[in-house]
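Here chain A shows up in two complexes: once beside chain B, once beside chain C.
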Partner chain A sequence: MQQYDVKSIIQTSPVAHAQPRESAKWEVVNGMNTAVEFASATIENARKKVLGVADVSCLARYGVKGPNATQWLLERGIAIPTTPNSWTICEQKTLVLRLGSSEFLIEDQLGGSACSRLASDTTRVASVFKVPRADAAFIVSGSEALNLLSELCSLDLREKSLAAKDLIMTQVAGISATLIRQTLNGEPVYRIWCDGTYGPYMWEVLIEIATELGGGAVGLAQYQSS
Partner chain B sequence: MKLLTCPMNGTRPLSEFVFGGEYRQAPDQDTCTDAQWAAFVHNRSGAPGDKKEWWYHSPSGTWFIAERNTLTDKVTRTYLLGQNNTTQEEGK
Partner chain C sequence: MMFRTPKQVGEWVNRTKKINFTFEGEEFSAFEGDTISSALWAAGQKVLGRSFKYHRARGVLSLANHDVNVLVTDGIDTNIRADVVEVKNGMVLTAVNTSGGVKKDKNSYIDSISPLLPVGFYYKAFHTPRRLFPFWENVIRKAAGLGVVNFDYPRILKRKTHSHCDVLVIGAGPTGLTAACTAAEAGLEVTIVDENLQLGGSLGYNRAGDTSVMSRLDNLISKVISLPNIKVMSGSYAAGYYPDHLIPIVSEAGINKVRAKSVIVASGAFEQPPVFRYNDLPGVMLGSAAQRLLYRYAVKPFNNGIVVTANDYGYRVALDLLQAGTKIVALVDMRQTGSIVYAAALAKRGIKVYIGHCVYEAIASSDKSGVRGAVICPYDEKQSVALTDKQFTLECDGIAMSAGWAPAGALLYQAGTGMQFDYGVEQFVPSRLPNGMFAAGKVNGIFELEQRLRDGVRAANDAIRHLGGQAPQNDVEKHVGISPSHAYPMVPHPKGKNFVDFDEDIQIKDFVNAAKEGFDNIELMKRFTTVGMGPSQGKHSNMNAIRILAKIRGLPVEKIGTTTSRPFFHPTPIGHLGGRGFHSHRLTSLHDWHQANDAVFTDIGAWKRAAYYPAAGQSKEDAIQTEAFAVRKTAGIIDGSSFGKIEIHGPDAALFLERFFTGVYTDQKVGSCRYVMLLDETGVVIDDGIASRLADDLFYLSIGTSNAAAVYREMQRSQQMWQLNIGLVNVTGAFGAINIAGPAAREILSTLTDLDLSYGSFPMSSVRESQVAGVETRMIRVAFVADNGYELHAPMGQIPHLWNALIEAGKKHALCPFGSDTQRLLRLEMGHAMPGVDTDGLTNPFEIGADWAIKMDKPYFIGQRSLTILAKRPLRKQLVPFVLAENYKGEMPMDCNLVVDGRDILGRVTSISYSKYLDRCIGFAYVTPARKEVGSVFQIRADSGSLVAATVVKSPFIKTLKGA
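Now for the complex of A and B:
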């Protein structure tokens, strides 16, 4: 029987089924085949300013929960948000999302290494449980981002309602999703995470509205280069 | 739009929640009679009035208790189990 090394298997973004195979440029990022370019840099830059939707499912993630999860993360040098439903940034390259009193989602931005460090620690600790993550993740940027979200989400996501470090778990386009507002390279963006199996649906919905509002798909390269 | 207040996530549209049935305490299975246990397993009170109910906020996976009058559909308070002294904003 042929043996496979699971570490050598290249994953494909959970969103890929809804993305064009031929017209987009694909690259393997963090072991995941990801669309890095949908159009020329000039076009994508213009979309990004109006309403850009980027698939960032390839970013490394690590989920952990349990009564001792906070202590376990602190011991490994991860900064913890003080209250549930909030987030913080750790080592400038890692998002730490507190999803409840004792559940966390850690996501490395491009260049971050905290997730691989945590994943390599396989020592069993009482009351600390790893949560396997298979999220589809998106960046929604641009001046029309709020208009797009107001069509898909029943909560008020304006700056005065969604504070800088607030995290909300709600339904976006009828799908359970986690949402934050983040400043990325000096530009305010919304980040959305949902279950990976809903990724293609979420992408289609986001792109349909983005196109109507004058924006569109933005490849990961836009965020790799900046 | 009907709203319900999750004790962890705040007031949200009812569409984000799933009803989990009435909160009922099981009789002590070591001391109760067969009739009491059978009544707990098989019988439900359908009479309208103030009820304690399980509700689930699906985007965050939070189970909590809502005290609701099933006649008027008015929710008086919601709380996590074991924290029933914490009054939350009433639902509409």
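Now for the complex of A and C:
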């Protein structure tokens, strides 16, 4: 029987199908083939300021739910947002999204390690259920971000309505998505997560509108260097 | 520009920018800011359109999109509303609904035979003899409609966006502007919307000859602009009301759906025409239309006109006309009282006023393109008749007419506002407003300017308090004095042509005839006469229609009521409603592989699935048969990642499944799989699948593609009710799945895993967790498409690796990828009925022979109670497997073809296909229970009508026909 090393399996971003194979620069990040550059840094910087869309699906994620999920996470040093539908930062490199009273999505930002630590704990615990994640994830930045989102989401996503630590689970472009507003490297951005199988569709929609509004695709490198 | 006046204060045209365009082949010039109609009128062009039914010449009526006298096409777009659409340089325009041009429309002869074409004539005239109906249908269809649809119309994106505010003010007249300022000054976030391109509403043109009101308008607008928390949306209309104050605002650019915390409706009122013979001639227009022409576009409506009025407003119109240099032949006041306020002002200008008179008939010019005079009669206001024995004629070239108003209350009605008829103003006014809705100004029955301004403040204060702020409660007194609307401004005429609805050429006699026919309820009358059903949706006609019906029935107006108001306020282009057109879809992680291997895709639920993989030049049928044959002879592999996949965790997991599905799961052994079937409460089959027990407290459920999301939602709903100790995790998107099946499947798989795949260790209907090609995989032994089949479930991102490893390992066995269309043939050969394909929204499990899957002796499962009842009833249909004759070469029946016995329908085919492997046409069909026995023969009526004999057999077909 042929032997395989599971660590050598390179995955591909769930969004990749909708991204240009030839013109983009691809790199393996967190074991996932990811578009890190779509255009020159100057162009992508300009897009970011107006309306940049970046695919950050490669960030490591860990999902858990169940009545004892909060306690389980606390025991493993994960900071818990105090209320459902809110988020916080843990260990400076990890986003902790509280999706409901007892459901969580943990996402390591580049350099974070909480998810791999949690995943290594395979012991089944009563009332703690692991939720396998295969999200497509996006960062939407720039002055026209709200304009774009106004076409995709019926909720009020302005700062006055969507507080700094609020999280909403809603429909974006007609599909279920999770959304927060965040300040990233001094810039206000929106973070969007959806089921990975919808990733290409979501990317196409975001890029179509972003391009109309003077923005476009931004590679992961824009966020790796910062 | 023979009718252009000297510059008017506040005019909307930019005289420094000249525009050239053509209309009906003639060249015209205009100023920037002109509408198409104003530009044409300024040039003396009075016949601007033809009426829908009788093809009568028409000109300006409201100049406000309250009528559709003037619809034009630019060759690409059609039904352009010329009264309100700005003319652009280079436009090439023609009127719609003409044959041979607007001036010499060949269809204008219809007007002369109009007595033969009363309302409802086509309901009665053409249905007998039946053989002639197709002829008449063709004639009527050609005559119906206005502009011609351009099927080459380019796709122009109209964005649909969302926005939010504290207060949405609808209408930017003086009332709305005041309300907006008051609310904004209280710190609220305000959006104000108006369909006109500039703010101000009637304050900009209703001047009674006194232009000093313009400074008040300027002040109001300056204030609005100075307040940063007011967002102005001009050139946009509030198109409808939806729950929780969701108002779509339509503009040229698209639709903005505004979600407001409160809404102030200050939408004003539509002017209603008095009804007299030939009130539709070009040159006869509403008083407010004359004012708009004058002050917005600096165009005189006529040179030497008559004003006919049934309220004081006509006097104000006359003063405006005089101010602009138009001669007034006379003012004809239908009321016995005349105007106390304005009579002196007109007398001072030497204008003759005929009190208690009416225009009995407008006199058409010789070519019927305009007005050359009017027949004036004393008017008996009580009897609503003209006293013709004292008639006389006045020469004129135009008539301005005012009779009253109808509230622009569409959104109020749609929001559920209670309306009552106020005789003080002769109009319906709000009596009970929904929470958070406020009405102000004319729509609220308040007409005098100072009162309207106070009413705007009052409404804003109400909204402020509604939103939790502090604001005084200041009621505004009701209208006092003479009513702004006349109770019955109709002038009967024995020869008719006194139009109520200009869209549909509906006259007074049409209402009388409708009532005689028994259509004397407002909703029935609307449908019989079609009043209010044209493109202007009754804006200029509904109120008069209600008054006429009230008169016919001898009832007060409030007893007649109004018709139902529905969105949208104006007809809205389909492109606006369509917007960008989002078509969400899901792709599996193998989508690129399928694409690279020339798959043809099909939509199943939200998913794009590979249906089959045709070789170059291969037909769909051949590709499917080739793939299916490979599965039978060697092995095939299919991407099943779209299957629904749900984990049920917790100590009550088995109990949950027992309540949710029809089977038993509490005694299911770890490592085994069982069939699950889901019913709804009525006992209808919804879905089926496989439950694999991975641990005492963990089941892994795989279900069909199409229903997965709905099944998960139903599980969540059930858990909310049952509160069992479980957790549900939907892993449909997180896990992919591959099915490898066929005689060589086990051998191929064995090269990639250490797991003992012998049938003894890993029997049918069992589940194992093991590594396959290094990937942690849940392996399920299933026999859906073949007896030797394995479903491999693994993280979606690792599925491509697993797939490629299998493809590589299967090369020496000629492993063949197959798609979902092939899968349907394979499962048919295996004799598996599929929910949603072989069942419909009424099928119960007894009808598909699934009794074996139901454990009725359980305490409870969804649909159990209904099945108990159904079990006592005789079956009405039964799904049976059938074959066509050996070597059948005739017309192939299709899915959904009927099973018939003479003229009786016994059932229908649900699945049918030729199987190359079995060399037979096989299928499933519903038949009556009498025909369900093996060997029974029934007839299928194919698409052409030919009958095809089918014989009931045992399934699985593969065993019956091949002995496999």
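Quick note on the criterion: the second predicted complex is superposed on the first by the 225 of 226 C-alpha atoms of A that agree within 3 Å, B and C clash if a C-alpha of one lies under 4 Å from a C-alpha of the other, contacts with A are read in each partner's own complex, and residues count from 1 in each chain.
Keep in mind that, in the parts below, contacts are C-beta pairs under 8 Å (C-beta built on N, C-alpha and C of every residue); 3 or more make two chains touch, one makes a residue touch a chain.
These numbers come from a predicted model, not from an experiment.
J.: Examine A:N85 and indicate which partner it touches, taking first as chain B and second as chain C; both and neither are also allowed.
T.: A:N85 sits against chain B, while chain C stays out of touch.
J.: Touch check for A:L99: first (chain B), second (chain C), both, or neither?
T.: First partner only.
J.: More chain A residues touched by chain B or by chain C?
T.: Here the partner covering more residues of chain A is C.
J.: With the two complexes superposed on chain A, say which partner A:T12 touches: chain B (first), chain C (second), both, or neither.
T.: Touch status of A:T12: second partner only.
J.: In the overlay, answer first, second, both or neither for which of chain B and chain C A:I168 touches.
T.: First partner only, chain B.
J.: According to the stated criteria, A:S154 is in contact with first (chain B), second (chain C), both, or neither; which is it?
T.: It touches chain B and chain C both.
J.: Would you sort A:A177 into first (chain B), second (chain C), both or neither based on which partner it touches?
T.: first
J.: With the two complexes superposed on chain A, say which partner A:R133 touches: chain B (first), chain C (second), both, or neither.
T.: A:R133 sits against chain C, while chain B stays out of touch.
J.: Have a look at where A:Y201 lands relative to chain B and chain C in the superposition and call it first, second, both or neither.
T.: Touch status of A:Y201: second partner only.
J.: Kindly list the residues of chain A that each of chain B and chain C touches, one partner per complex.
T.: Touching chain B in the first complex and chain C in the second, residues 154-155 of chain A appear in both lists.
J.: Inside the complex, what are the residues of chain C that reach chain A?
T.: My answer: residues 157, 159-164, 257, 259, 580, 582-589, 591-592, 607, 641, 647, 649-650, 695, 725, 727, 729, 731-735, 750-754, 771, 773-776, 795-798, 800-801, 805, 809.
J.: What part of chain A is in contact with chain B in the complex they form?
T.: Against chain B, chain A makes touches at 84-85, 99-100, 154-155, 168-171, 176-178.
J.: Across the complex, what residues on chain B touch chain A?
T.: Those residues of chain B that touch chain A are 1, 8-9, 12-13, 15-16, 57-62.
J.: Could you list, by residue number, the parts of chain A that touch chain C in their complex?
T.: It comes out as residues 1-6, 8-9, 11-12, 14, 16-17, 32, 65-66, 124, 127, 129-134, 147, 150-151, 153-156, 158, 161, 173-175, 195-201, 205, 208-209, 212.
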